[in-house]
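Look for chain A in each of the two complexes below; its partner is chain B in the first and chain C in the second.
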Partner chain A sequence: MRAMWGTAATRGLLLGVGVLVANFAVPRLLPGTPLTAPELAPLPSGARQRIQAEYLLDRPWTEQFAHYLRSLARGDLGRSLVSFRPVTQVVGERVPWTVLLVLTSWTGAVVLGALLGTLSAVTERGFRRRLWLSALVFVGSLPEFLVASLLILTFSVWLPLLPASGAPHPPYTWAQVARHVFLPVVTLVVSATPTFALLSRDLVGAVLREPFLLAVRAKGACSWGVLRHAWRCVLPTFLTLAGLRLAGLVTGAAAVERVFGYPGMGSLLFDAVLQRDYPVIQGVFLLGSLLVLTASTLLEGVARWLDPRVR
Partner chain B sequence: MARPAGAVAVPSRRTPRTPGPGVDVPTAGALLVLAALVGVAVLAGVLASYAPREVAGPPLATPGPRLPLGTDELGRDLWSLWIYGTRTSLLLGASVGLLSTAAAAAAGIASAGTHVFARIVSAFTELVAAIPVFLLLVLTMALTGPSLGALVLALSTCGWAVFARVVRVQTRVELQRDFVAASQALGATPVWVLRRHVLPQLAPLLWTKFLLTVRWAVVVEATLGIVGLSDPVRPSWGSVLGSAFSYPLLFAGDVWLRWAGPPALSVALLTWSCTAVGELAAGTGGRRNGDARGSAALTGSWGAVRELALGPSRRGIPEGSVEKKSAGWAAHGRV
Partner chain C sequence: MRLVAWLVALALAAPAGSQEAAVRIAWWTDVGFPTPFSFSTVGPGGVVRLTLLYDSLLWKDDRGLIPWLAESWRTSSDGTRYVFRLRRQVVWHDGRPLTARDVRFSFAYFRRHPFRWVDLSVVRAVEVQDRETVVVELARPFAPFLENVAGVVPVIPEHVWGGVEAPERRQSLEVAVGSGPYRLVEYRPELGFYRFVAFAGYFRGRPVVREIQYVVVPPARQVLAVQTGEVDLAMTTAPEVVDLFRGHPYLRVLATEPLSVGRLVFNLEHPLGGRKLFRQALAHAVDVPDVANWVTRGSGIPGNPGVVRPGDPWYTPRVRRYAFDPVQARRLLRSLGYEDRDGDGFLEGPDGTRLVVEVVTSAARETEPLLRSLLRVGVDARARVVDPPTRAQLAAEGRFLVLYTTHVGAGGDPDYLRTWFSGEEANAFAAGTVLRTPEFQRWARLQAEAVDPAQRRRAVYQLQRVLSEELPTLVLFYRPFYWVYDSRKLRLWNTRGGLLNGIPLVENKLLFLPGTR
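Showing the complex of A and B:
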């Protein structure tokens, strides 16, 4: 078992290092630097020198990299070019909102997708099943921002039940938070569920044709019993793949947050891009990627632990 | 081959690869939609009444005789913006599709043999599969400036890796076939084997990959536009959507219908039709029963990703069950 955790953790670590290196290398390798960006007003010379000194931009890249790692170890991601607050603080206050949004909708979509997928795997072939599948494929191929707009139109414009945008003001209650999180979560659930449903349908459908399930049936297990056996077999695979899909959900969340004006990392990214606030953009990239990697590595570990043959 | 006049039509000697259904009604509809969008893109100069960035009327004008959809907050004609946007978005989708399909095919075939390269490709693939590519794209675009060319390059760089792995697996399968061995025994060169035996078998796979990549690229462009990163010079579906969602009163009246409506509907239609047509292309390859239709469309990446996640041991799922269905569907459903 330790070995299995080991491989998941090794991969997570390697990828994490990859992200750290990309965060360092991408801005330095790409043509054009933040200091010479044409959209920016020419910086006063003092500011330019301060920025150069802060990132050691006139030194060889090995020194820059060592400096970068040292600041990372201190939890220092630089300062925002706009608000001059530390990036860790600027990004950090948005993280809980995005984590709430992504985790809630991921969980919802996984559960709903597993249910729908199992249902369609046991439905008999025919027109109804095909209709189901076509509907799933169609809904699943809609971009998130479109689903978001349709939901706003339905629940905020035609039926004014829920707020179309924004977040509650600081002394908030759970009910207020729930009201504001509801539509974004529904959007992500709607657009992520079909993928999980089709995935679990394929997996469960394949296992249901296995001889050992025929034996289970022959022993007189009820259909719940059969499904329980099937899911035990499918669950590790399903969880691993669903964990990898988290990265896709974060993309969707960025667009959804923007459409709903939700105060998460996606909206922060939008503002930072608009103001060309490079340290903040880098901070969102770094923290977002590391969070996703941690989550999917943990899930993979859990999935491997769930596998009875390994345990 | 001239046929003597009056001869009975001889059935084609080429055996159809599947006896399955040909083009059904939804697929025909999808083909029509694709053709119509391509037509709009090609004839943009004729159909649009204003240049893409020309001020055509007062800001936020309601539809009138020369402005079928009214204007946006800068007074530009929304109809012309949509038409030129279609041209940009389709151009982007097609270029990304071509570039990354070619790269995936080349890398996949090249890594089918050599070992070190194969490992590098799979390492890169894992990186791309597990990190949120979108955030990396935002970082890249923010640094280079969101020009169309940079976006095409960045998307193509991200879009090939997952699929290269599928091509590699499939190439290995093809190379082990008896007719390849026979051909090699008769003295066929590797290039000949590749051209005559491997590429034709890979063709449906590559077509599907192309269409799925077009779909992916267009959706990512639209999403980047909403996040505020779109080429300021060329209007695209993404840039129109971006400006629409920046307008605070978008949903207050019926502006959304004329402003965000056309590009959003186009993105939806394009994703749907690419899925449907891609299914047709995949259907000429692997097994296809009526039931498997479409399911693979969204699980697309899973065939490839599953292999990554689970390694070659296959962990209790019967060999080939998901792979077969998804083989044609490899590569990203979405980022």
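Showing the complex of A and C:
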């Protein structure tokens, strides 16, 4: 068990180094610089020089990277070039919103996908099964912004039941947060469920053909009992693969946040990229990557723990 | 841990309180902490929000400049000295009196820590004559001073900012002290939420609207937000809202003056863009009324080569006109050596290279009719769609031939005829390449420094003539903004020439004050 966690930690460490390098390089590969972006471009030359010196924008990349690593070692992510607030604060305000959106959507999509996939796996071959498959592939291929727009049209315009914007206005209650987050969550669930459904359908379908389940059936187990045995077998693989999809869901969440005006890390990243706000872009990438890595590592650990062959 | 605390806080949050007498305004993004040092300059939302918190020496209503912190003023005959007499009963939000020292401090402090919305380099010195009298001395006469400086620059308290070395980093409610009609009581940057509460000690009386809130609503859904009662005031550029709300029991629409402009900027340093005949050929090739109609869906005014909008008090019709004339466009291009040499329908230069005009834009749809116009005369016109910072980068580095931009500010004092083409424009979207012809420089300087109003008017007219001749820019349209509002809570009107320096926003603080609602 110790060796297993050790391998995961080493891989996490290597990934972390890769993430750090990518975080630093990606913003600087964008065309333009913070000083030519609309927010800072109008500054008088004296103020521009001060910012240039403070943020080392006139120094070579190597020097900037060394400074970035030194600051990071102190837990300092720097200050936004646009709002002049500490990046930890700027990004920290958004993290709970993104965690709420992504975790709720992921959980919803995993549960719903597992149910639909199992249902599809036990459906007899033929027209109904092909219809299931076609429907899942069709829904899964819809881009998030289209799903979001359709949901807004339906539930905010035609049937004005839910707010069209993702951000509640203070002072708000928990119920108001839930009302505002509902459509963004449904958008992500609709987009992610087919992947999980197809995955579980394949996994469960394959296991159902295994000889040991024939033995279970022969012993007189009911359908639920057979499925329980099947899921016991596929759960570790399903969770590992579902964990890998978490990163994709975070990316999808960025687009959904933009459509709904939801105050998460995706919206922040979009604005930061437009302003070439290097410290904030780095901060969002770093925290986003760490969140995904942590969640994936945890899920992988849980999956291994569930798997008696590894345990 | 922090996440858990946040979720608990969410769960325990107090139920929404009474919103009576509160006005909720939609905007599409956070605009930064509202001090003169940390507000966002991308778009005019930030600087307008400052005006609720801070006051300036002068202000504007629907007829133009009016006394504000200064109850009177006089100008020296040479236009370099302004004496302002301040009101006596003005106090800061913390109860301390506002004096001439604060005005002097503000200008001195902005010299070290710039107020990014206007260039204050023309202010040479500010002297305090007595507690209520302040004298502003300029380095040279500056005709737009009253409207573009005295009417814009916020006066800040010396007792709050004195000794602060990095004011952009001070972002707490304690430093958001102004003398304006509202106090900032809540700011949530992640939500773009601002809550301003009426200041009881305001010199014009306690505002009748007790609370103003700004909330973020995505642009495409702002009108829907007014319809559903989520907000009381929102903006759109879609003219269809006029018909949509005609006859509505309480929702009304106000169209602003058409102070938003869409235009082509030519790179005057480019071998081709630098040639006047080329720019004039393109002016003939573009069907400006068609472009204006397409982009503004019939609500805009076609562009004027003299830049100033027809209907503006400073407009003159005596400028060079460029009728849509593909034949004339081709003729001018032929004089530059471009003609269809191989019969493929496109123009080629003397070396056989096709004439390609790349239009840098961040709005692909809006450039479609423009490209169609150019294709009709045989110019291989292509859109290069980039995000706004990339566009600003290309503009700053001169790596473009033609650039399409839209921005506000085509109104108010006509000094924008100088700043847009002299490299002194604060708005990144309005800045273009510098027009270096002596005639432009001469009239631009004359209009800015003219003391005699008649002389200034003549200079502004001449400047328009020169701009229409030289064509550093080709204005395609001027369009209004449409404000949809709940008439049970607000009654809107337009500030003459726009708020501050030509901003077509409607949150004039006068709206919320007693006797002016």
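Side notes on the structure shown:
Here, the second predicted complex is superposed on the first by the 265 of 311 C-alpha atoms of A that agree within 3 Å, B and C clash if a C-alpha of one lies under 4 Å from a C-alpha of the other, contacts with A are read in each partner's own complex, and residues count from 1 in each chain.
We take it that a contact is a pair of C-beta atoms (placed from the backbone, for glycine too) under 8 Å apart; a residue touches a chain by one contact, two chains touch by 3 or more.
Worth saying up front: this structure is predicted, and the values here are computed from it rather than measured.
By the document's definition of touching, of the two partners only chain B reaches A:266; chain C does not. Once the two complexes are overlaid on the shared chain, A:274 sits against chain B and chain C alike. Judged by the touch definition given at the top, the superposed model places A:296 against chain B, while chain C stays out of reach.
When the shared chain is aligned, chain C comes close enough to touch A:96, but chain B does not. In the superposition on chain A, the chain among chain B and chain C reaching more residues of chain A is B.
Once the two complexes are overlaid on the shared chain, A:152 sits against chain B and chain C alike.
Using the contact criterion defined above for the overlaid structures, shared-chain residue A:84 touches chain C, although it does not reach chain B. By the touch criterion stated above, A:248 is placed in contact with chain B alone, chain C being left untouched. Residues 30-32, 37-39, 152, 156-157, 164, 259, 273-274, 276 of chain A touch chain B in one complex and chain C in the other.
Listed in rising order, the residues of chain A touching chain B in the complex are 11, 15, 18-19, 22-23, 26-27, 30-32, 34, 37-39, 125, 129-130, 133-134, 136-138, 140-146, 149, 152-153, 156-157, 164, 194-195, 198-199, 201-203, 205-207, 209-210, 233-234, 236-237, 240-241, 244, 247-248, 250-252, 254-255, 258-259, 266, 269-270, 272-274, 276, 278, 281-282, 284-285, 288-289, 292-293, 296, 300, 307, 309. Contact residues on chain C toward chain A in their complex (touch as defined above): 2-3, 6-7, 10-11, 13-17, 24, 28-29, 32-33, 38, 40-42, 114, 116, 119, 168-169, 171, 186, 188-193, 195, 213, 215-218, 221, 224-225, 228, 230, 386-390, 392-393, 396-397, 425-429, 431. By the touch rule above, chain A contacts chain C in their complex via residues 30-33, 36-39, 41-44, 46-47, 79, 82-85, 90, 92-97, 99-100, 152, 156-157, 160, 163-165, 167-174, 176-177, 259-261, 263, 268, 271, 273-276. Listing the residues of chain B that touch chain A in their complex gives 26, 126-127, 129-136, 138-140, 142-145, 215, 219-220, 222-223, 226-229, 241, 245, 251, 256, 260, 264, 267-268, 271-272, 275, 290-291, 293-299, 302, 305-306, 309-310, 315-318, 321-322, 325-326, 333-335.
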